[in-house]
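Each of the next two complexes has chain A plus one more chain, namely chain B in the first and chain C in the second.
Up next is the complex of A and B:
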């Protein structure tokens, strides 16, 4: 069946890159289960149209209208970090989990707990233990290879 | 979408990697038999040039001609080049040199730091993409900002003063993806002893720029290259030139527009300037056609390509049809003292129309029928027009684990303008410059995907009639080639790749039979912050039954997420495959013992990559 999808897919593609919906959702659902546990519906704040397209296919994800409504903020570019900083100034006790799609964004702000990004053709998953601890999040053992104490 | 918390993260990441690899976006199972080098694999190999990849690609591998240029099908005799039948595409648009054949001769050793992945397809792939017929088609696809945004800086230094500097910058804003890559290469290569005090040189300096900007419906692409070369033996008959240098300047521009859901319009422009400086104490090759002991010439040629295609899904049929045109124009070819050099024609137009139907018999079986008619027009009464007919029938089965493909090809090839013009009939390159080659091929491929491994075997049966690439013989060559590939993935970071190749040719050149064996074995491993790569490419053929080994080894230290230091050794045993370079004794006109030259230099290099 997957090959049939490939046949048909090629007839309809545009010129820009598009992510695979199913495998991307699987990974993010796994991350939600660790970072925002016990939530039937995860409220995600995301600006990037590609990720919005992907998350719109999931039953357990709702889009947050602003950062204050979000359980999970997906940081895809520096403007999201600026929005968060601005929000934090007026709401210092915000509990939203920030997660990045680029290493540079993980480096740029100490509120970002982890990142899933690409490096030289390989996906990299990275969590910062002290930042997780600030949110009282403890990673299961299977994530031990993806957690570091500092950058 | 169901939540799947039970699956291990490692498993999910492996699937995420496989499904989101950029190659999944561009691979077209319907194009035929594929050899794929993914980004991960290119990075692990530390492949910096297309040459690093071509040397592992069966059927053609990597060879250089007497001008020190990439020319995998070279006979090492006296033709200007031979690899017109290997076509090179970047981001889906062909790079061509017009009067100097396909893009392979200039771009066959190009810097590929801009590339994400490379696909090799045997024979003419989908008729949607090809303008001229091919034995092999190479598709290079650029990095995308989704996986490579920001800037990367790469500096490299190696044996004999070899050095490269490369900058890559990419991003995406307001629905526009863009990338710019600039590289400068100072290639210092091994000298070739020719029995004189002045060994042959093949050093070069290259400045290369590649850039694109694209939206979901439009793409603009630019490629520039300035390459100043020491041209090895060049036009010297006995490979003892006093001067042998050629400089190349190339511009490629293309624009693609998808509109009204089913239509695509595409234009491309290629321009090549050459500045040739040759001198010898004996008459040069072509001295009867051109001049005596010196040749200082300049040429410019331009190629204009355009195509309009219509692609639509009707029920189980995916129909593609369209028209294509290409104009190759020799703007000038002049020599310093005599001015314009007369040629029998200076323009070649190729007009094609094609129709292709991919019919889904069932959800995992597909039939493919394609026909293309081309007319080649030349502006000279002495150069005939040609009519070419390509036919392609295919069947594909794609199950969850098993894959099978079978194709029947009928291809026709015409000799390119430059080879026709510089026809050294005394060396029996071909019988008649206007003969058309017909090649019939039956090809099959069977593959299996296991949990941690995949295996693939290809079997090709081909027959050339009136072959254009002859060294003696009648050009009616039959050949059987097989490729076996196996890869095993220990985990996300560690893998092994094996390839074995066997070819059996009957009636090729002046030989009744020729057997060719080759293969490679590579290991990619990661331990902590270190990546290791070890690979051996092996060659042997029945002409001398000698084994050649090209061992490449590298270790990368990922000092920081943004900083990597790599030590790499190539052809460490100094036993890589060698190519004969034929020579003629000017005094007697007889063939001298050929020089044996490896196109792969023995080299150690150190590389620093910084991402910011």
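Up next is the complex of A and C:
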């Protein structure tokens, strides 16, 4: 009986965990398809261990060792922005797409094209049209409501 | 069985009612929780109204949104006001407005720890925001499950000049909803535990009822024949009055021969078929009980049909044919029937009566049906313990019935007849028919014989001219103690031996005539006479006359009585016995001479002696011979 209860608990926990990872991956895969189109494998530069664990579950995501290798840079804190600035000074024509997980990081750097974050308990997806334009990115219609010309 | 089921059903109904009550309780608690939550929503709506009125009052007639757009100090001040409304119930309170592109932007935010700056973009991801903005009607919405902190959101429009210019959002926290739920949670938990317990109780009761019924079925039925068991019989009469039913005891005669000839499987098969035949003949409400290996008891509700039913059963079972190994055979049965009298409650007594009547049938050669009437006298049987007590207290006496010389009319001797004295009423004397069969084969029988002999010897000594005959069973004569007692007394009082006759109650077949003859000779040596009782019935056959030295033949009362019913043929038979007795030098005694006609007959036949109620009833010896005093 005890074994059965333990098995059911682990199964339920595992299912919830899998669903969380699955939904996050689903959202980011959608973002990749918009922001980094035509790439079978997206090279993502990310420092945050939680996101690394989530992305490690996907077959189409590879971790970039540095910003130079990255197609997509996930900005989870200001240190990533500093790394980017430093890289950009030596490589001004870098094409990596910067995407933030906080509104403040979106505000802090003009190279960040958008952000996915939580506000007042609600998920917020936000794109800045001029910054997308700089990367020649066009949003599908379904995302047009989340795009603004300026903050 | 019915009683057990009824009790279980009552318990199930009570548990069911309790379960319904618990469901009702749970429903009421949930309803109260919902009411409590509805009150909180109403409170949020009142707060929103108050906040709106307060803010509008603060701007003193100016357009609120214009003031907030242009006056950062006023925004700070009103943010603090909003913050005052933040309680544990309200997770967030903030004001939004729409920009020219139709995007929502923050105007005020009550949060002090993590305030959102003025004009910051906000994407509500819920069409209800636009709806409230458009219609100007407040609305409560339940947020998506993914919003873990928010339970409900109140969208409250702040309007100016007929247009919505801002939207106040009050988010009720999920934690508070949970705390409201948890307010009644202990009650809900108790109700659920009770539900679980009661459901388990119902399951357990169901299981117990099933087990009980299964066990009862096993206990109540004989597994071989399907007839009811002895256990059922006892249980049945625990809850039913015995005197509402008549009883038939059926025993298959010589069943052992079936097993011996065809084997036990065949025996089982015959029993099943036998039971099936009886069941098919039983009236409504009757029950068949297998009370022994080949013994059955039929319980029939009293409807005055017992005689018809028992006779029909008797003939059916006699005629019934059984087939085994290509051999067709029939069985005979012995049946005793008790028409239970009113007021009879003891099943044990009834069974004893049936058993005794069954024994009589068996002794008479089996294959018979006998009835026991409903008269209470018939059921006055005593238990072995009662007889033992009476014998230990020597509650016993002998009555004496005169034996008359048919030629002179004088009393030649008396037959000593034993009676027990009722311990509760010394005036009541208990005849042997009411206790003799119970003590036969027990040590009490020997005790009785010895006490009778002691009484008879006392009478002989007290009345020097008296001649007495006393009944003895063959087993008494086989017993050393009894024989020693007799011979000792005869030796001690030489004058009494020739005044004493021994009437041998011949209920057992004599297998060793030499031994019996030796005993008889020993008694006759002292001068006593030997008589054979009940000659002409049972085992008392011509062999006795042939092999034993007998002085008197006492002809069985059943033959004497036949003189009234069938005088011609009976006389012929009695004549032949007279010739036989004369040939062997035996005197003849006629018993049961109950009226003059019989007496005349036996006188005519030439019987030397006669006894019976017509000639003298059994009475204390003083009645006939006078008191010694």
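In this section, the second predicted complex is superposed on the first by the 132 of 151 C-alpha atoms of A that agree within 3 Å, B and C clash if a C-alpha of one lies under 4 Å from a C-alpha of the other, contacts with A are read in each partner's own complex, and residues count from 1 in each chain.
FYI, a contact is a pair of C-beta atoms (placed from the backbone, for glycine too) under 8 Å apart; a residue touches a chain by one contact, two chains touch by 3 or more.
Since we're looking at a predicted model, the values are computed, not measured.
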item	value
First, second, both or neither for A:142, with chain B first and chain C second	first
First, second, both or neither for A:151, with chain B first and chain C second	both
Partner chain in contact with A:102 - chain B first, chain C second, else both or neither	first
Larger contact residue set on chain A - chain B or chain C	B
Touched partner set for A:122, first chain B, second chain C, both or neither	both
First, second, both or neither for A:29, with chain B first and chain C second	first
First (chain B), second (chain C), both or neither touched by A:59	first
On chain A, positions contacted by chain B and by chain C	103, 119-125, 146, 151
List of chain C residues in touch with chain A within their complex	91-92, 94, 101, 103, 116, 120-125, 143, 146-150, 169, 171
Residue numbers on chain A that touch chain C, as the complex places them	103, 119-126, 145-146, 148-149, 151
Touching residues on chain B, where the partner in the complex is chain A	1, 3-5, 7-10, 12-13, 15-22, 24-25, 27-30, 38-43, 116-117, 144, 146-150, 175, 177, 214-219, 256, 258, 311-313, 318, 358, 360, 363-364, 366, 398-400, 403, 492-493, 561-562, 611-612
List of chain A residues in touch with chain B within their complex	1-4, 6-8, 10-20, 22-27, 29-30, 33, 50, 57-60, 102-104, 118-125, 142-143, 146, 151
